[in-house]
């Protein structure tokens, strides 16, 4: 499980991110395999979210952010000139820290929002897609009676699962998750974790989390970041039982962070 | 704060009862004064309504309901109908609003969603500057620069090419409904733009990110996340602009031509409610004439009160969800 | 699929261009108005403009000195009435007010600031001009004060709310009564912000014309008495602009330049005070 892997879905090559004078991510090189869950862990401010957000060019929106190096998606650099970030982002979906459904839309419209961008499908097609996506995030049974009520009436955990449904409705290949459970209660967290496990059959998942138990539970590979650098990356079991680097061990055993 | 505390130190060593009593008295007085001053705002508002109503009573008794649909305004003969002014106010403010709304929203979007922070800030500062120019200066520019230009070029052009429509018929006067609509548009655009800009800035970035992460282009992000989230605030901004347009006096008085005539043509001069007050009130020919002008003022007051309350309620509603989610 | 992607991109480009065009359209009048004020204003401003009163129509020369002095007097008197009301009303809202009553006051202030200023003029006419049997500077100042009031109230309240609670507590803990704490600590630490608000309010009323029409009325001659009609710069600009005389038009442009310069200076000052908070 290293850079040598040929079937890597995503490969970061000497990635650097600056925010103004702040060098947030330093010379990061790593690869994520297809149909696997990669967890990124580390203390707050270590650059883990910044790395994640560079995988679908979210930094384009941030004034003053500069990204150097390359991010290869199926071997093609998404930062190359000809790459259209809008098209690319349909292949790389993202779920955010706080649930962010569109408050002016119904549950149904939220799920279908991204899909609609590429033209209106037939009504029956869209209905089927909404059901399928809500089924997959196990929200269907809870909301099938009220698909057309405002999405803000759902609880926080339901909203986050709705956001995941909205992401997979676009049929991406990769799903980036930025601490998706940090705003959720334990039961909702469990549901989302189960969902991640199911989703990896079809998608490549990269998840940032500050919760080490969560990383241990859901991921196949774990990467530990500290002060903007990738300290160690490897099989999750190995990282949590027998890490190679002192810093990793200190963090995992709770000596700092 | 070393100095005030030093000055107060003796108070601490005084007998407690004395201290408390003195403090209580001072506090009671001070609070009383501030309460009085705060209530004065409410008092002024009520006073305005009552005073306008009482002073327009003679006209209300004389003209009754025919005041509003009445078309004739004859101070000498004592007949007062306000319809030409109501018509002029409605047409000038609604048309200017229709022109200003898309321009303002587009400009606000350009400031917050398209331009980078420095350029956006510069444009916003210029828009604020535009909002700070006194209306008499807009009027000065309107009557001495814009109206002659309209008379020379725009109005003949409209008349030549669209003269078959009733809206563009008649000779070019320069001072006209068209001039009033344009000057009002220029004046309310900065107001709507700057409030809309504030509304847009209050939208959490997570909404924009959600749309972008779904593969939306910038325009799709605006349509999907930005505009729906800000819609009630933007509506509030537009309604506030309407209130400003209806009440605008000086600039309109200077360019509209002040002719109490109901005409479909934008090239004809017209009259508005604030303008007739501005022109006739100081030299009202009779008590009834003054009362009739007061009644126009009362109508104006009621309409602007309703419009402003509505706008404020909409704008207050905006800030709450944003504050709660942030 | 590809054509759809192209359509989306094209629409995005079109809309972005549309927003840019709208912005340019909005800023064009600003440029035009400033161009004309500078061009016409500078050519009509000289020493006489600031020292002479207007000449009768047809005679070249003359100035707007009485209007400038009159405006200054009106603004000063209006500030004397409006500022204490606004500032101490704001103290009530931020330091004492129960939330319900405060909301009502705040709402009234917002509504009051949206009332057309000509109506304020009519109300003051009934309140002061009729009983005093004549137009007066005092009536003009009262009308301007009523326009200042809601602006000062709202900006002051915002500033007072930004003063940290710990500062007040520190003073109260020293045994300073609440009212002295408010005066010496709370208001003092919010002073710069309050000055910003006051400057903005002054800038706003300095250009007000409509409320002066039936209160201060205007005056072609020198007057500094509060119980007599008084000249004001915006009133003079209005009267001269709608007159048919070129000489008076020239004076109006000069007056516009002075007024805009004043507002510009005030808002720059306000910005400066606002920044070094």
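As written, the chain order gives the labels A, B and C, with residue 1 at the start of each chain.
Going forward, a residue touches a chain if its C-beta (ideal position, glycine included) is under 8 Å from a C-beta of that chain, and two chains touch if they have at least 3 such contacts.
Computed from a prediction, not measured in an experiment: that's the story for all the values here.
Peer 1: Among the chains in this structure, which pair is joined by the largest number of C-beta pairs in contact?
Peer 2: Result: the chain pair B-C has the most contacts.
Peer 1: Using mean Cα positions as chain centres, tell me which chain lies farthest from chain C.
Peer 2: With centres defined by C-alpha atoms, farthest from chain C sits A.
Peer 1: Which chain has its Cα centroid closest to the overall Cα centroid?
Peer 2: B
Peer 1: What's the distance between the Cα centroids of chain A and chain B, rounded to whole Å?
Peer 2: 47
Peer 1: With centres defined as the mean C-alpha position, give me the chain B-chain C separation in Å.
Peer 2: 15
Peer 1: Which whole number of Å gives the spacing of the CA centres of chain A and chain C?
Peer 2: About 52 Å separates the centre of chain A from that of chain C.
Peer 1: Check each residue of chain A and list the ones that touch at least two other chains.
Peer 2: 86-87, 117
Peer 1: Find every residue in chain C that makes contact with two or more other chains and list them.
Peer 2: 8-9
Peer 1: For chain B, write out the residues touching at least two other chains, lowest number first.
Peer 2: Residues 217, 220.
Peer 1: Taking the complex as given, what residues does chain B use to touch chain A?
Peer 2: Residue list for chain B touching chain A: 116-117, 204-217, 220, 224-225, 228-229, 231, 321, 325.
Peer 1: Report the residues of chain C in contact with chain B in the complex, numbered from low to high.
Peer 2: So the residues of chain C touching chain B come out as 8-9, 11-12, 15-16, 18-23, 25-27, 29-30, 32-33, 36-37, 84-86, 88-89, 91-93, 95-97, 102, 104-105, 107-112, 114-120, 122-123, 125-127, 135, 146, 149-150, 153, 167, 170-171, 174-180, 182-185, 203-204, 206-210, 213-214, 217, 234, 237-238, 241-242, 249, 252-253, 256, 259-260, 263-264, 267.
Peer 1: For a test of understanding, state which residues of chain C touch chain A in their complex under the given definition.
Peer 2: Interface residues on the chain C side: 1, 4-5, 8-9.
Peer 1: Can you tell me which positions in chain A touch chain C when the two form their complex?
Peer 2: It comes out as residues 84, 86-87, 117-119.
Peer 1: Within their complex, state which residues of chain B touch chain C.
Peer 2: 1, 4-5, 8-9, 11-12, 19, 22-23, 26-27, 29-31, 33-35, 37-42, 44-45, 47-48, 51-52, 54-55, 102-104, 106-107, 109-111, 113-114, 123, 126-130, 132-141, 143-145, 186, 189-190, 193, 217-220, 222, 240, 243-244, 246-250, 254, 274, 277-278, 281-282, 293-294, 297, 300-301, 304-305, 307-309, 311-312
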